[in-house]
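In what follows, a structure is listed as C-alpha cells, so that the remarks can point back to it.
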Amino acid sequence: MILAALDFICRETVLHLKRERLIAIATVSTVAVLLIVLGSIVLFLADLKTWTGWMTDQLEVCGFFAKDTTREDALKTVDPISAWSEVESVRFVTKEEGWERQKRDYPSIARLEDAIDNPLPDAVQLKIRDPEQSARVAKRLEQVPGIEAVRWGGSLAQSLVRFNRAVNWSGLVVSLLVAVAGILIVHNTVRLALHSRRREVYIMQLVGATRALIAAPFLLEGMLHGLLGAALACCLLVPVHMYLRDLAARSFFPLTPDSALLPFALYLLLAGAVLGFTGSVFSVRRYLRHKPEWHG
Amino acid sequence: MILAALDFICRETVLHLKRERLIAIATVSTVAVLLIVLGSIVLFLADLKTWTGWMTDQLEVCGFFAKDTTREDALKTVDPISAWSEVESVRFVTKEEGWERQKRDYPSIARLEDAIDNPLPDAVQLKIRDPEQSARVAKRLEQVPGIEAVRWGGSLAQSLVRFNRAVNWSGLVVSLLVAVAGILIVHNTVRLALHSRRREVYIMQLVGATRALIAAPFLLEGMLHGLLGAALACCLLVPVHMYLRDLAARSFFPLTPDSALLPFALYLLLAGAVLGFTGSVFSVRRYLRHKPEWHG
Amino acid sequence: MPACVELKDVTVVYPSGVTALSNIDLTIDEGEFAFLVGPTGHGKSTLLKLLYREELPARGRVFVSGWEVPRISASRVAHLRRRVGVVFQEFRLLPRTAWESVAFGLHATGRSYREVLRRVPDALSEVGLLDKADHHPSALSAGEQQSLAVARVLAMRPPLILADEPTGNLDPASSRHIMQLLERANREGATVLVATHDPAIVNAMRRRVIVLHHGRIVQDEPEGGYPDDLGRA
Amino acid sequence: MPACVELKDVTVVYPSGVTALSNIDLTIDEGEFAFLVGPTGHGKSTLLKLLYREELPARGRVFVSGWEVPRISASRVAHLRRRVGVVFQEFRLLPRTAWESVAFGLHATGRSYREVLRRVPDALSEVGLLDKADHHPSALSAGEQQSLAVARVLAMRPPLILADEPTGNLDPASSRHIMQLLERANREGATVLVATHDPAIVNAMRRRVIVLHHGRIVQDEPEGGYPDDLGRA
C-alpha cells in the first residue's frame, strides 16, 4: 500500500517534470539566477572580508630578523617584546611557517615551489592594542637587536578597522535581505506556476485523490527544480571564482580560498532544494483549499 | 475610432488590475523585492566607492598652516611646492572652503554651524605622482615654513589604490549581472502570470480582437505593476539609506550623499516600468501565437 | 433497501444570493436508478454537487451512504469522493492522455498495477476510445471527451454514480450506448442518478423521474417519462 | 446568391495522424440556414474550425465571403473573425461577467458606447440572462453559459454564424427558443450553419441537412430530417 503510493508519487513526479516545459524553465532559471546573485554577493562579501582581514592583519607590526640572526637569538627577543605595554600579543613565525602560509594563500606560488628556495627570514608578529600606536611600536621594534626590517600599517589603521566592522555588519544585513528576497521570489514563481495548474489540482481532489498524494509530486518537483537551479548556479560560480581568485592571487591580492568553495557549493544546493520545496509547500497548501474558476 | 480604442484599452487595463489579485501581488512583490536587492547593491557599491575614494583622497599629503601664518605667507609656499618632482598638483584650501566642504559632507556638522566657530586652518593638498613616495613628501612638507602639521596616507597606499580599482570593476560586473538577473526573473514572473491567462488571450483572438488591442492592456498592466514595485522599493531604500548615512556621518564615515538619492529613485522607477513593460512584451507575443490546452 | 442518498429539508443559497435549491426532501435507495430533470438553471447540478461536497447547503442535512456530507472533515473528503463517481457536466478531464486520465483515479486509490492494467483498457473500449488511448483531451472531439469522463467513472466502479448531462455532446446512438453502460453498472449494484435534458432517453428507459423547478421538487414518479411542460404549468 | 462558404476538396489531418475530414466539397450560399450532423468524432467541429481559421487544411481550399481563409495573414485574422460569429462547443467564455462578455466583442470591434449600451441588454434579455448580467460564468449553470455564448454572437450581428452544438446543455423548450433566435438572425440576413446532435430540432425545422460520416459528406438534402442511421448503413 505504502509502496504503491510511493511508486505512484514517483511516476506522477516524472509526469510533472516532463509536462509544461515552460514551468520547469521558469522555475529552474529563476532559482538559478537568484542563487547566482546571492552566491556572488556572498562570495563578494567573503572576499571583501578576506581582504579587509588581510589589510588589518597588515596593521600588525612585523619585524623581520636579519638572515644571519640565529633562531636561538631571535627567540630570545620574544619575551621582552611581549612585555611592552602597547603590545597585545607576539607571535614568532618561523621562515618555514611563513612560506607554508604563502603557498596556501597563493597557489601560483605553490606551483613555483620546486623552482625557488624559501626566501623568507624568521619574523615576529606584534598585535597592537590600539592601531594608532603602530608607528611608535615600529620605531621601538627597529631598535631590537637582530631585527633587520619592520613593516607596519600606518595612519589609515583606524579607518580600516572601522571599515572592517562595517563590512561584517552590512554583509550580514545584505545576506539576510537577499535570502528573504530569494524566498519571496521563488515562492511567487512557484505560486504562479501552480496558479496555472489550479484546475488540475482541483480535479484531482474531485476524483478522490488525497491531499498528500496530490501534493507530494508538486513538492518533489519543486525540490528538483530548486536543486537543478542551484546546480546551474554552482557550475557558473565555482569555476568563475576559482579563476578570479587565481587572477587576483597573481598580484598578491587575497580572495576566499578554493577550499571554502566546496561547503559553499553544498550550501547553495541545499538552499536551492529548500527554496523549491518550501515554495511548493506553501503554494500547494493554498491551491488545495482553492476552488478555481473554470473559465478563461 | 482611435479614441474609442484608447478608451477601451484603459477600461480593459483597469479590469485587468482589479482581477486576479494573486498575479498583481506576485508581480509587484517580485519587482519590489528585486529592485530592493538591486538598489541595495548599487547603493552599497556606491558607498564603497565613496569610501575608497575618500580613503585614496586621504592618501594625498595635506599640510596645515599654523593659525598665526597669514594667508599671504601661506600662499607664497604654493609655487615652490608645485615645483617638487614627486608632486603632481597642489591645491590651496582656504579654511572657509574646507569648512564648507565639511558641512556639505556631514549634515550633522552643518546643524552645529551656529554653535561652533570654524576650527580649520588654511591648508595645501598635494597629489602625489606615486603613493609610495608619500612618506618622503610628508617629511619634506614638514620643513616648509608656516606649516604646522602634516597628514598623509601611509604604507597601505598601494593596496588601497588597487582595491579601489577592483571595487569599481567588480561593481560594474555585479550591477550588470544583477540587472540581467532582474530582467530574467521579472520576465519569468510575467510569463507565468500570462501562462495562467493563456486561454483568455486565445478566446479574445477568437472573438475578433486584434493582437494590438489584446496586448495593450497587458503591457500597461505590466508597466504599472513594475512602477508600483519600484515605488515600494524606493519607499524602503531611500529613507533607510538616509538614516544610515546620517548614522555613518556622525562617526565621520562618508556614504553617498543624499542628493544622489533623487536620481537614484528616478532610475529605480524607470527600471521598474521598463522591466514590467518589456517582460510583458515578450510574454504577450508568445501567448498571442500559442494555442492553449483547454483542460486542466 | 437502506437509503444511499438522503436530503432532509435542504436549501442551497449561492454567495450571489441566488437560492438554487429550496427545502428539498429526497431519498434514493441503494441500487436505484433515477433521472433528475428540469429547465436550465433550476438546480440539477447544484443538487448533485451537494452529494460529492462541491457545494454546502445553507440549511438542512445531506447523507450519502450514511455519511453526513457537509460535516465530513477536509481530510476525509477524499474517502467520500472515492465512493461517488461523477460525470461532470464540464467533463473536468485532467491534461493527460485518455489512458492516464482513467488510470489516475485507480492509482490514486491504491489499486495494484495489475488491476489498473486490466481495467483501463476495458473501460476505454467500452466507450469506444481504446484506439485514442494516447490522445490528450484537446485532441478529442467533445463527444469523445464526454465518453472519456464516463469511462473514468466506470473504471472506478463506485457504489454511487452521479452523471450530469452525460450525453449532451453525443449523437443519439452513442447516447443510448452510454445509458446502457450506466444501466449495467446499476444492475451490478451501483446507485445511479442522472441529470439530463434528453426526453428520448428518459422516455425510453421508464425509470424514476424527479423533476426540479425553481429549486423545488415538483414531481417524483417511480416509472415516469420526460414531462412535456417540465413543471412550468 | 453568391457563395458565403466554399470548401474545395478539403482534407484535414491532425498532428496525431487522424484524418478528420477527407475531400470535402461544400458550398453554402449567403443567407442559407444549414444543419451539420453526424456521429460523435466524425468531423463536424473540425469543419467549423476551418471556417474561422482555428485549424488549417492539409489540402484543398477554403473560402469564406470571398477570403481564402488559410492564406489570410496573421494580422488580418481578426478581421475575418469579426465577420464570423461562433458559438463554441466548449462555450469559451471569458472570465468576466455576462455583461462584460457580450460587451467585449463589441468594444473590441470599435462600436460606440451608445451602441454597446443598447445591444448588450437586448442580447442578454433575448436569451433570458438579463437578471444574471453581473454573474461570472462560474456562477451560471451550464445551460446559462451556453445561452450566454449565443448572446455574445447575436449581439455582434455577424454575416456568418457558426453554432457548434448550441443546445447540448439546454432543456427542449430553451433549445427551441435558441433555434428561433438563430432563425431570426438568418431572416435578417445572416448565413447560419449549426452542428447538432438533436433530432427533434433538425426534424422540426426542415432545413438543409449535411451529414458527415468518417470525415466525408455522405448526404446533403435541402429540406432534410435527422437521419436515423446517420450514414452508418
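We call the chains A, B, C and D, going by the order they appear; numbering starts again at 1 in every chain.
What we mean here is this: a contact is a pair of C-beta atoms (placed from the backbone, for glycine too) under 8 Å apart; a residue touches a chain by one contact, two chains touch by 3 or more.
Being a predicted model, the structure only gives us computed values, none of them experimental.
Asker: Which neighbours does chain B have in common with chain D?
Answerer: A, C
Asker: Sort the other chains by how far their Cα centres are from that of chain D and give me the top one.
Answerer: So the chain farthest away from chain D turns out to be A.
Asker: Centre to centre, by mean C-alpha position, how many angstrom separate chain C and chain D?
Answerer: About 29 Å separates the centre of chain C from that of chain D.
Asker: Indicate the whole-number Å distance between the mean C-alpha point of chain A and the mean C-alpha point of chain D.
Answerer: Centre-to-centre distance between chain A and chain D: 63 Å.
Asker: If you average the CA atoms of chain A and of chain C, how far apart do the two points sit, in angstrom?
Answerer: Taking the mean C-alpha position of each chain, the two centres sit 59 Å apart.
Asker: Which chain C residues reach two or more other chains?
Answerer: 90, 93-96
Asker: Would you please write down the residue numbers of chain A that are in contact with two or more other chains?
Answerer: Chain A, residues with two or more chain partners: 199-200, 203, 294-296.
Asker: Does the chain-touch network form a line, ring, star, complete graph or other?
Answerer: complete
Asker: For chain D, which residues are in contact with chain A within the complex?
Answerer: By the definition above, chain D touches chain A via 91, 93-96, 136-138.
Asker: Residues of chain C touching chain A in their complex?
Answerer: 52, 54, 74-75, 77-79, 81-82, 86, 88, 90, 92-96, 100, 104-105, 107-110, 112-113, 152, 156
Asker: Inside the complex, what are the residues of chain B that reach chain D?
Answerer: Touching chain D: residues 1, 4-5, 8, 11, 15, 19, 199-200, 203-211, 213, 294 of chain B.
Asker: Going by the contact rule at the top, pick out the chain A residues touching chain B in the complex.
Answerer: It is residues 22-23, 26, 29-30, 33-34, 36-37, 40-41, 44, 51, 55, 58, 151-157, 159-160, 162-163, 166, 170, 174, 177-178, 180-181, 184-185, 188-189, 191-193, 195-200, 203, 248, 251, 253, 295-296 of chain A that touch chain B.
Asker: What does chain A use to touch chain D in their complex?
Answerer: Residues in contact with chain D: 293-296.
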